[in-house]
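Next, two complexes with chain A in common: one pairs it with chain B, the other with chain C.
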Partner chain A sequence: MNAVTTRYIILWVFSAAFIAAFATYSSISNINLGQPEFITGYVLFGLMLGLATFNARKKLSMVPFGRSAYWLAVHVVGGIAALGLFFIHTGNVWPTGAYEQALAIVFYLVTISGIFGYIIQKIYPKRLVQTELEIIYERIPAELSELREKSESITIACTENTGSDTLARHYMESLRWYFQRPRFFLSHALGGAAAEHWINQSYQTVSRYLSEAEREYLNNLNDLAKYKSKIDFHFACQSMMKYWLLAHVPLAAAVLALIFWHVIVVNVYAL
Partner chain B sequence: MMARPQRWEAPFGPEMTETEVEKLLNLPEFRAIDSESFPKHTPLSGILENDTRIMKYKSGDIVVREGDYGNSAFLVISGKVRVVINPSLPRSMIGRESTKKRNFIEALSQLWTNSSEPELRDTSRYGSQALRDPDSGDLTSSHVFIQDIPAVLNSHQTAELESGALFGELAALGRVPRTASIFAENDAELLEIRWQGLREIRKYDTEWRRKIDERYRENALKVHLKETPLFSDLEPEELEEVANSTLFETFGSFDWNVSYKRMREQGKSAEEPIIAKQGNYPDGLLMVRAGFARVSIKMGTGQRTLTYLGAGDYFGFDELWANKTTGEQSLQTSLSALGYVDILRVPAPIIEKYVFPKIKDNPKPLLTPSLSKSMEADAPMEWALDQRFINGTMAMLIDLERCVRCDDCVRACASTHGGNPRFIRHGRTFDNWMVTNACMHCEDPVCMIGCPTGAIHRSLDSGAVVINDDTCIGCGTCANSCPYNNIRLVEIRDLKGQPLRDPGTQKPISKATKCDLCSNNPGGPACVRACPHDALRRVNFQGEETFTGVKV
Partner chain C sequence: MMDPNKFRHDISRYERPNRKFRCGRAAEWGKPCEFGPDNSGKCGGIYECQPAQVGDRFECRRSTLFGGPCDNGPGSDGKCSQHQPPCRPRRSIRSLRGLMAISAFAIVISVIALMLTLGSDGSGHNVISSAGPLTDGHANFTSSSGCVACHEPHAKDAGEWFLAAFEENNISKNCLNCHTFVGEPFLAHNISSNANKTNTHSNNFSCIACHSEHKGEDFDITAISDAKCNTCHEREISSFANNHPNFADDFPHDQRTAIRFDHSSHITQHFKDQRLEDIAPTNCTSCHEVSDAVQSVKPVGYQTACASCHNDAIPRRELVLLRLPEFDDNFIDLDFVSETCGPTLEAWEEIQDNIATVREAIEAEELDMLDEEILIGDEEEYEPVSFDEPAAISSYLLRTPIDDSSEYTEPLQTLIVGLLEDGSEVLEETIAEAVGAEGAKKMLSGLSPTLTREVACAWASNEEYESPSDPNYGGWYAEGVELKYKPIGHGDPVVRAWINFGALSVLDDDEDVEESGEFMRDELLNPKEGFGACTKCHSVSKTETNPLHVQWNFNNSKSRPHTFYSHGAHLNILNPSGINLADPEAGCQTCHKLNVQANYGASFSDNNPHIFESNFDSIDKETCTQCHNEGQVRQDCQLCHLYHNETGFNLRVTNND
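== the complex of A and B ==
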């Protein structure tokens, strides 16, 4: 068992004990006609604030606040624990009251976006390695532009050297669209083979009309198209890995704001 | 007709004239040399004209600094120089002002003190390191000098070197750091001989070879042998005998980094001279004194790497032992040079006479565990060897199956280095491993060779290769020498964010930058701390577990 697995097992055990303790407390307190919601609510609020500090830790990388990997482990396990504590606090999965329901929706969205982010970060890196290509996200536009230029020059060279405009026509009708910018985002993100299928179809569509000399140029274009497909795949996966946080972080800020107001309302009217 | 030796296309000292060469040939040290023993294509006068230069030092000038990686030796022509024996000169005095490590608050303050403009420098610091005319472009003048020589003489044990003394040859030929600082006591004229020329003179003149080898045997070999477990139990007179019988051999090119860089750019494999071939008779124990060597075995039509050896490791022991105990055995593996390797060959009869009698139990074969590994398990190491990453002691290795390409490591590096990262999250890949373009803090730091101010050096505290920004003159020698392209020149700005330009040429002022393992910051490398997915590690390629598991 490697150190990362050990780390997560320890945290999961600790988290399970934490949830079990609060579930027991809540149950006993309810039997005794107590109000366990106050304790569980404040603990949940504290836990949510704690989880939010992970983002601050990322901004303070120059200070030795411990390894970010430990923080992530606590954040992941703590996030799931917060979901358990949320159920204990509300007593069911869907609270009563419009405001609380709004809060629950945002809370669930934060949790779902977090789980989604965690899952894609486990899956995508392995799939990216399988492309046998590594590219920095910010360099993708420049790389695509270079590919576009290459594909255009191949097409022009074909027309100039063979005197036929069949490939050029196909390029203008079909391939130009493909080389213009990243394509098949959703298919790449979901693990589909739409791009590969499109490239093969495109090849077969025009191949029958080409001479041997022209086919050489088409083969070169096909190689470029396949290479671009890998870059598009990187674009899709890396975009997903970067931009899921654009949902998770603002939603987390929103849930904290809603909780804050919820605490004020509860303290003013319920006590 | 014969092509002019390539290195002579760029003479060491462009100002060397025939008159000066004549003068040098009249010095007793060169007059004693039989110039007829040199081949026609490499005459002694040619060596003196192209591989040497005359350096003039003013009183107090530092000639060599302790810890520097030099590629030349010095012969005192006139004047006096002094070797500082004990204690060493303070680091600030030799142009290596050690920077203070930030405390927690200072580290945190970077959050608001970091400017939006990168690479700001406090230029007032640049005058504080006793630099002597760094902009003159004259590399034959010293840049760092001692201001109070009597104080140094009073507080340090020193030795005087007068006309005719040769020093620095061990560092120049052995790719080891200078062991002491040497400064000019009064105005002195020295002949600096680059390693190529020194190697030729040693090769063709028996007296120079005898002198150099004798000094090596006396000053370094015995210590080296004593530190090797096989010889540590030997009596002083036995050690003397072993030292006297040991042969010195070099394999590969001293400036391997230049040819390696060229081959890498062309996508070719670097050459590996064979040191010992599988199937040959083991005529001695081969000890690696400097550099790296690959141990391989024939497999199909190629060679499969079993392991590699670095300084202090030895080869051929198993076969020598087998020859003594079970009968004749030829070499079971081959040894080839990865880059430049210095080998000490201790003859077999000497090993049999002095080492084997001290061994009581049958020693365990050294290579058995390596042979049991699968080819797949060995593949990453084969790759690391081919890429010469084995030179790295703190290389940045990223597991791409864990890395989510979030660039938290790059941002962390930038925030601890004034807004500009000191590495690029890009580099050579093999399977799911990437060695990024970050300084690897090499075992053999070729980047240090030729730095005119000694600004790039190995930190005494951490062993990391660091650049003293105050003494770096932005010449780019280190960046050009680095075979892995891990050093970058950046254009600097003043504290107001204005780009700094040379008043004469109007060219921007540059400084060399590279990963310094966050030596000024608390908590170690920020990149490692910042990685949320345990994907990034700093590894020593000599470690067994470089490509396995996650060290936390």
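== the complex of A and C ==
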């Protein structure tokens, strides 16, 4: 068992104990005619604030607040614990008030987006390693630009050296679109092979019309296309791993804003 | 595998993903420039290099990545000669994420602020403050006053509203604006004695501890789990069948019935009498109304159930209001009586005789021979026409002893003269002093002033009153030396008023008066004589507040205010023997078994409502557990027990105000 697994097991056990303790407290308090919602509410509020500090931790990477991996583990387990505490606090899955319903919707979206992010963070890195290619996300545009230049050079050289424009026309009609920018985003993100099929089909479509000399240039272009497909795959996966936070973080901010008003209203009307 | 040397520092750009902006050319999948945008988001790649001044010359500093120093070099002003149109830098993902997070927070706050200002009636505020729809019952009652009906801070201005968050709210006290309970509302089960219990909740309950609102229109706000009951009760009950205590030995007959009806004697003797064969009830439902049966199965009423046998006896039970007693002397001014009433027949005949005698004497010129009696009047000794005692009622009202004629003669004669002068008014005033004007009116309802005056005239003249007709239809009448009331029928309000008067008559500071009242009461409530026969069926109770109280109507038992049983819910089911409980012959006997050995009548002798021996056997727990058991019929606490004590609504709610 590696350290990461051990870390998560400890946190899950702690989290389960935390939830079980509050579920028990809530049940006993409720039976004893108490109002456990107030305690569970404030604990949930504190937990949400604690989860939000993970974002701040990432911004303050220079400060030694502990390894980011620990923070991530706490954030993941704490987020699931927050969902459990939310159910304990509300006593049901769907509240009755319009405002509480809005709060619940946003809370659920935050949770769902978080779970989604956690899952893709677990799946995509392994799949990226399988491409045997490493590329920094920010360098992808430059790399694509370079590939485009290379593919155009090959096409021009083919025309100049063989005197045939068949490959050049094929490039202009088909391959140019492909090299222009990352393609087949959804297929790559979902683990499909649409790009490979498209490359093979493109190759086979033009190959039979080319001479042996031209086919050599086509083979070079095909290698570049396959290489680009890997970059596209990186782009799709890395984009997913970055862009899910565009939903998760703003939704989390919205939840906190909604909670602030909820806390005020509860204190004014019910406490 | 990518060439690891490809991104060496001297042949590739240095990426800075933490910057706010990224190159616009790269964003459009072109080749990014060397410098990238600045922090304000302006393109930094218009010029390909930033020439450096070396001595008095400028040197090209284009990196090898972009082709190294150019041929043209910088101009004399130090500007790069290789320039291109600026790009439109884009925000980095990190920056975009921060911006979106701030925006999301700001949007939520803005929407909340906007909602607070929406609607002149604060409808926007209500939407974001309401925890959910109210239950059906509360939704209508709070519609006129809105949230403030329960939440006082809602009506306050913004500052006070916010400060209310730091003050304690007591929503439960507002519940009492509409809800009423017999007993203390915030004590356990509304029972005052629970104030001293050690349980933390027993002396400070809040309504919201059990009743949660804002859970939707159809939410059952009164539902309480058994576990909550067990919180306070020392004896924890897991289920009714399992360990609920057995019922008391006299359950459910621990309180005496309001109507004294001996089921045993009626069922085993009277109803079997051959003479009553046609009118005797045949089963329980002949006398008990099951169509609207709930906690009790009310009797169908006197007229249907009892009148056929008992109606004839009622008019024979008369009340004697006044009786002309034996007087020691006559203090009544007879001339006044004569002037007011005119001569009596006897006096008139005597006068006529005297006139004739005088006339004869005048004609015979023998006036000196006339008796002195005729000339100056008869001064014969007073001889009372009655040798009875006064009525107990008049003695009590006049505060005179019933057996001492020297004490009662003058007050009673004064009363007779008063009756003579003012009719029944003086009697009404005398009674009003004891029970108030309203009560006196009820008690003398139908008493004719003429009758009163005629009776007074006769009695003032020391004569018996001769009634011109018989009182066939009941009401006030006089006969001889008594002014009486004959009941019109069952439920006669005059009879009821007099018996109530009698029941309350012993409350007086004066011992003599109290004794006199007790005597009158015993006469009025004597079941063997007069009006008192009512108490043969209507039980008399001695309570803490009233000396005696006659129970005129059937009423539900209040000895177990926290227990509920619905007869109606049981009527359409079969008992374990397969007999329908609604079966008039045998269904009722599933639970109610006649106990012919019980001394039912003895329960009423001491006027103590708490001493009671029913005609029926007590019901034990096993009767209920035949059906209310695990896996069968419900057996939760709330099925049979009510938490509150006699809940109700105040007038404001019942008026829908």
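FYI, the second predicted complex is superposed on the first by the 271 of 271 C-alpha atoms of A that agree within 3 Å, B and C clash if a C-alpha of one lies under 4 Å from a C-alpha of the other, contacts with A are read in each partner's own complex, and residues count from 1 in each chain.
Note that in this section contacts are C-beta pairs under 8 Å (C-beta built on N, C-alpha and C of every residue); 3 or more make two chains touch, one makes a residue touch a chain.
None of the values given here were measured: they were computed from a predicted structure.
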Which partner does A:Ile264 reach: the first (chain B), the second (chain C), both, or neither? second
Looking at A:Arg67, would you say it contacts chain B, chain C, both, or neither? Reply first, second, both or neither. first
When the two structures are overlaid on chain A, which partner does A:Gly192 contact: first (chain B), second (chain C), both, or neither? neither
Tell me which partner A:Ala252 touches in the superposition: chain B (first), chain C (second), both or neither. second
Using the touch definition from the top, say if A:Met241 reaches chain B (first), chain C (second), both or neither. first
Tell me the contact category for A:Pro141 with respect to chain B and chain C: first, second, both or neither. second
With the two complexes superposed on chain A, say which partner A:Gln180 touches: chain B (first), chain C (second), both, or neither. second
For chain A, what residues appear in both contact lists, the one with chain B and the one with chain C? 134, 136-137, 242
Which of the residues in chain A come into contact with chain B in the complex? 2-4, 7, 58-64, 66-69, 71-72, 121, 124-126, 128-129, 134, 136-137, 238, 241-242
In their shared complex, at which residues does chain A touch chain C? 31-35, 55, 95-100, 132-139, 141-142, 144-146, 149, 180-182, 242-243, 245-246, 249-254, 256-258, 261, 264-265, 267-271
Which residues, counting only chain B, touch chain A once they are in their complex? 104, 107-108, 110-111, 400-406, 408, 411-412, 415-416, 425-426, 429, 431-432, 434, 521-524, 526, 528-535, 549-552
Of chain C, residues touching chain A in the complex: 1-2, 7, 12-13, 15, 17, 22-23, 25-27, 29-32, 93, 96-97, 100-105, 107-109, 112, 127-133, 147, 151, 153-154, 161-162, 164-166, 168-169, 171, 201, 205, 208-210, 214-216, 225, 227-228, 230-231
